[in-house]
Amino acid sequence: MADNGDEEYRIKEGDYVVLKRGDIYKAVQIQTRKKVIFEKQWFFLDNAVGHLYSTTFEIVSGGTLQPQARKSTDSSSDAKEAGTDNRNILDDGKSQKLTRDDIETLKEQGLKGQEIIQQLIDNSSTFRDKTEYAQDKYIKKKKKKYENTVTILKPSCRILAMMYHGREPGKICHLRYDTLSQMLTLANIHAGSKVLVFETCAGLVLGSVMDRMGGYGSVIQMYPGGGPVRAGVESFGFPAHFHNMLHDFPICHVNALLAGTLDTTAKDISSSDSKQSDVAAEEEQTQPEAKQQDSPEEQSMETNTGTDDGQDQEKEEKERRKEAKAQEKKVKLEEKRKKLAAAAALLEGRNADGLVIASRFHPCPVLMSLLKFLSPSRPFVVYSQYKEPLIECYTKLREQGGTVNLRLTDTWLRHYQVLPNRTHPVLLMSGGGGYLLSGTTIATDRSKPPGPQRVEEPAPKRPKLTDAVV
Amino acid sequence: MSFVEYSDFIQDGDVAIVYLSHDNMMPVKVQQGAQTQTRYGVIRHSTDLIGKRYGSKVTCSKGGWVHVLHPTPELWTVTLPHRTQILYTTDIATITMMLDLKPGSVVCESGTGSGSLSHAILRTIAPTGHLHTVEFHQKRAEAVAEEFKEHRVDHLVTVRNQDVCKDGFGVAGVADAVFLDIPSPWEAVRHAKTAMKKHGGRVCSFSPCIEQVQKTCEALADHGFEEINTLEILLRVHDVRTVSLPLPDFGSDAPSEKQPDSSEKLPAPKHTAATIKTTTPPREIPGHTGYLTFATKPRT
Amino acid sequence: MADNGDEEYRIKEGDYVVLKRGDIYKAVQIQTRKKVIFEKQWFFLDNAVGHLYSTTFEIVSGGTLQPQARKSTDSSSDAKEAGTDNRNILDDGKSQKLTRDDIETLKEQGLKGQEIIQQLIDNSSTFRDKTEYAQDKYIKKKKKKYENTVTILKPSCRILAMMYHGREPGKICHLRYDTLSQMLTLANIHAGSKVLVFETCAGLVLGSVMDRMGGYGSVIQMYPGGGPVRAGVESFGFPAHFHNMLHDFPICHVNALLAGTLDTTAKDISSSDSKQSDVAAEEEQTQPEAKQQDSPEEQSMETNTGTDDGQDQEKEEKERRKEAKAQEKKVKLEEKRKKLAAAAALLEGRNADGLVIASRFHPCPVLMSLLKFLSPSRPFVVYSQYKEPLIECYTKLREQGGTVNLRLTDTWLRHYQVLPNRTHPVLLMSGGGGYLLSGTTIATDRSKPPGPQRVEEPAPKRPKLTDAVV
Amino acid sequence: MSFVEYSDFIQDGDVAIVYLSHDNMMPVKVQQGAQTQTRYGVIRHSTDLIGKRYGSKVTCSKGGWVHVLHPTPELWTVTLPHRTQILYTTDIATITMMLDLKPGSVVCESGTGSGSLSHAILRTIAPTGHLHTVEFHQKRAEAVAEEFKEHRVDHLVTVRNQDVCKDGFGVAGVADAVFLDIPSPWEAVRHAKTAMKKHGGRVCSFSPCIEQVQKTCEALADHGFEEINTLEILLRVHDVRTVSLPLPDFGSDAPSEKQPDSSEKLPAPKHTAATIKTTTPPREIPGHTGYLTFATKPRT
């Protein structure tokens, strides 16, 4: 534990980390005396500070973490010996020889979760005869009840993608981790490029893009509604300089920017994205309605009300506070304005290197607008939980031209159990990981209107008579 | 009612399937004077079931209603009492076709388990075929034999309580097809061969693990079986949904000189969302049931 | 070969059989001196008569069949020993030591296809180093070129379904064999029931239903256009009495039948389905256009032309022939009328036990019409190559009521290679097997109009906020 | 141009991808004075390519036209000269994420093969990472090294021509990730461990056969690797199609008293077909590429 050059691998106060138990992950920040709840257990992470990442801790009384001696947390599953079918099982309700009291006694004796589970298995007359599927279910149930270890991991794109998919798929539009990996590759995300991201996936997609760019290049987050959502980006725990590459631009100015009518010197230009906190925006994001679009109006209404009369002193006091606030607001607005101008300048060249879209919005208008910011010969990729909107994107793009290599795909992901004499695909799998439309931009002759394109993507090699080709 | 013949009306002694919802059905033994409790209230067999047409809506005591369906092997598969893990309809359908089953086929099966496949086999081989089914576990053999009687298919089936790996199927030279769903199918391959017609036939083995498949394929080849072919089939359910996709607001392309309060004058956006019909998969689906290995026994 | 009780297993003149080589199947009838072309080779089946089914024959000079000694036709693949990767292969074009002349010499020496392939493998310096995938490709290519055996099988639903899927998927609407197996099971097809079939799958689906009914019960083929298509039914080689259970009914009379206005005593009732031969109908079936619907008119036009004037004697002769023909036609029409009346009588009770639909037509109007002929508590299943039309069916059924247990599904089929140290899924798989909508009818209160139904099929257990439930 | 950095314009010495159609692309080494033959005619590098913008349309001598694309690892994967079977983008994408690759990662790979994965790794770990790739076959090692030079990524990669199972990766304690695509990965597991950082890292082995996976998982466990996880990923392509479904004619419900010639007076059916947008899968698709086994090397 006391090694040299280990500093970067040690857990520090303020670090963003991921808690892990089995397949369950949770991203948290290390904060002193901050109670953390994970898998219905609460504890404090204070003791983890100074330990190496990937250490497994036992949760002991009072929610204190105690580092575990190294060596496998899943010995109980190693000890399994499945009966392959359960032809010898009779459900007489008497298969467990340990009583509730026995278990309490074991706990009092200081037995740890894993040991209790092993006791339960040893005392189950039917466990060995159960099918593997039934055994797994049994162990999982018992583990949930009695196990009390947690491993602290350094976050990575892989871990966070698996975490969101497992815990809160609704927050990331059900984007499965392997689908995310396809997006990053199909969009050729790499250091030094300029990438546009439009996402409503809690910042997971944005963070993954930033991770793959390693702090080199620029990422412009195109965001809808009140403000950019980036909760997920924090969980990556990027070094501070990574944030220098991150820019954002509200989509409500996209048309103006494209028309060349966006005046970034205008005072109120950023009114639409001020005030509303990320948290609020994120909360809204889980709502299916497009409420966010209305919020600017609501807000300007609010700021115009009040301040009619009142008691003199209080009034003065108020006035002063108000002025200070106004001043503060002004400064903030000016900052915002500058940021917006910087992002607009990045976009104006229409020479971005990549475009990644993954949102709950209809992808078609988003894609058609944002494609205009790409250089020719650059990849783009659009995610949707549903296939139909991507069919529409495909059709529009084929009509309009300006892209090649269009492909509508999804992936099929299967995990395996590999054990001596018990190798098979895992019995439950994800139903679907969503769909992707990917392609490459090409140079269009801007002087001419986009006429009907030569049909370049040929029909399947053996065209079927019943399939009319697009 | 019988599992191999439709009736129009519910009679005393029938087994009917009470349909509460898509994923909530239950089998009911119809008996004069009996009652069945559901979450919508009580069903009184004498007044609510007997004499009614299969498929009828029955109003329960609490005012909720259910439909009473004629039993089929497929409805039985999703409602039967599990005494073991069972085979489901997707695998069953494949097995039935790949074993060339049809009316008149003679089939051997082991283990019988909860009888899910057995009922589907019986449906297909009736009225002139026969099923010889072997179950290692005595209680289970008795339970399934009782069910066959209740389902009025007992004339088509012989249940044997023995160890197929040691004792075989109890018949020789009669089967058109053999089905194995046991932990060590390779130990029963020679018995399968014995049970089958001299002219030949088809065999299938169901195993969850690839090592079982490897040993079984080897045993099948060693015993002269041909056209050995292993496959896997998975069902994918598509839930039909109407979803609403919000449309983004890219703003106006006019110069942005409007004052803060001018925002009130903006016309409301024309559409704020598009509605589409689509399907979504369930979040988790069965990713594996087992490998199906088929082979042909040649003429011997 | 001279066994007792084998008669039913022997190939007879006139039998419908299936030729097999590797995974390739072809259905033919055994006819004397009839040249058969299979896999680019021609031969005569005469010699097969009297041999047992499942016998493998060698094709020798003059297209004669010679029974092969029993034992495995794929020893060349057993002899394989794959290099797992091809890291030692260099493409210098010199890997095959046998020249074209060598091969010709081998042929002259009377070596059979399989032996030549083994020679080619033995003389390939790179074969052993090739990856398995490459080896398979190599053997397949060579087999196609040099092998000349054929196995004669007794047809079965399994074999014919695999044959059509492999050879002519367009003729069966790309219905994969496993999907067909699901249909037969989901529709609870069994002896003694009364089943409606609407298909444009060359008769494969109809034949499969008949096969599962074993000659007991009745099947009513509902057919579109000029006449029922049943080429595929013949291939099953059913005993004659099976045809007694088969009825047919033209869908153009369905509305009249449902309205109670169909008069089966009317003289011209069957005019719409006379004349046009099955062959012609089948040919049209491969056309995507709905041309067939027009054909009755075209035909009546034809029969009204000609016969204006000519030489006297010829005229008389013609007249007489015409009359004879007219008489013949009358008799045929009367037969048709009787058949139609019988089918109509079967349908009128609206008490069919099952409904199977698999066609190139839009399934929605077909399903909505034909469901009316089912008893309550009976299963139905609809196949479509595409998912979208079944979504429409689902939606309509949910609106209208009268069905429960609705499920839209497809299946995913994977074959495996199981060989010592070389076990893996087959490297190529079918892209898709089509979609099924299945369900069960329930009794509807016919006195009341079908009102909005209670939503009985609940939302997914954890409804996501972004999913508006139907 | 470089495989790790975009350029706007085509220059002498670049490698460009000529796009003829969706399934017909070819890589071209751009050279002053050179010509490339395509089915649409000749492309003259000096006039048609050099100085042009990537993504431009180029009209060939026969009047047909193509697009010239900037190379990416993904375009390279579908156009590279096959010296071996290669890894495709679907597996590559999964490997990249599951190995935690990013700028600065140090990666060991064996075998290099045709370099399909290598290029994708280099793209991801640039500008500060390094790839140590080991290829058993000398000619192949030389060919891929030459390609790395042409693609201007040679500063990021060291190619070694040796047997990884005997000689390892030629480095120790430096790798964040190791990738194995060799016939006997279990023989290279100890070398993988040696090559990896003391602190730990991720390893992946790609194998087509399940027996290879079984041995590799055992070796990984024996050498103390953790979180051993085997998975498989398959791409499904959905071809967008417009299809026309004919509507059936169920006839009129009026009494059928019409005369033969009355048929001419029937009104034409309103619709004869419905047109829908849908997708179809290709008839045959890759059903298996290989199993991907991932594991974590813990701190040692």
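By letter and in written order, the chains are A, B, C and D; residue numbering begins at 1 in each of them.
In this text, contacts are C-beta pairs under 8 Å (C-beta built on N, C-alpha and C of every residue); 3 or more make two chains touch, one makes a residue touch a chain.
Chain by chain, the UniProt names read as follows: A, C = tRNA (adenine(58)-N(1))-methyltransferase non-catalytic subunit TRM6; B, D = tRNA (adenine(58)-N(1))-methyltransferase catalytic subunit TRMT61A.
Predicted model, so just to flag it, every value in this text is computed and none were measured.
Between the contact lists of subunit A and subunit C, the overlap consists of B, D.
Farthest from subunit A, judged by the mean position of CA atoms in each chain, is C. Put simply, the C-alpha centre of subunit B and that of subunit D have 40 angstrom between them. Chain geometry summary: the mean Cα position of subunit A and that of subunit B are 38 Å apart. Averaging Cα coordinates per chain places subunit B and subunit C 25 Å apart.
Shared interface positions of subunit B, defined as residues touching 2 or more other chains, are 210, 236, 243-244, 277-278, 280, 282-283, 291.
Contact of a single residue of subunit A with at least two other chains is seen at positions 169, 288, 360, 385, 387, 414-415, 420, 423, 466, 468.
Against subunit C, in their complex, subunit D makes its touches with residues 84-85, 111, 113, 135-137, 139-140, 181-183, 208-212, 236, 243-261, 263-264, 269, 272-274, 276-278, 280-288, 290-291. Chain contact summary for the complex, subunit C toward subunit D: residues 83-90, 131-134, 169, 224, 251-256, 258-259, 261-263, 266, 268-269, 271, 288-290, 293, 296-297, 300, 304, 360-362, 365-366, 369, 385-389, 414-415, 420-432.
Those residues of subunit D that touch subunit A in the complex are listed here as 4-6, 8, 19, 21-23, 53-57, 65, 67-70, 72-74, 89-90, 92-94, 96-98, 100, 102-104, 120, 123-124, 126-128, 199-200, 210, 213-214, 217-218, 226, 228-244, 277-280, 282-283, 291, 293, 296, 298-299. Considering their complex, residues 6, 9, 52, 54, 70, 72, 156-158, 161, 177-178, 180-182, 184-186, 188, 190-193, 211-216, 351, 353, 375-379, 387, 391-392, 394-395, 404-416, 418, 420, 423, 435, 440-443, 445, 456-458, 460, 462, 466-470 of subunit C touch subunit B.
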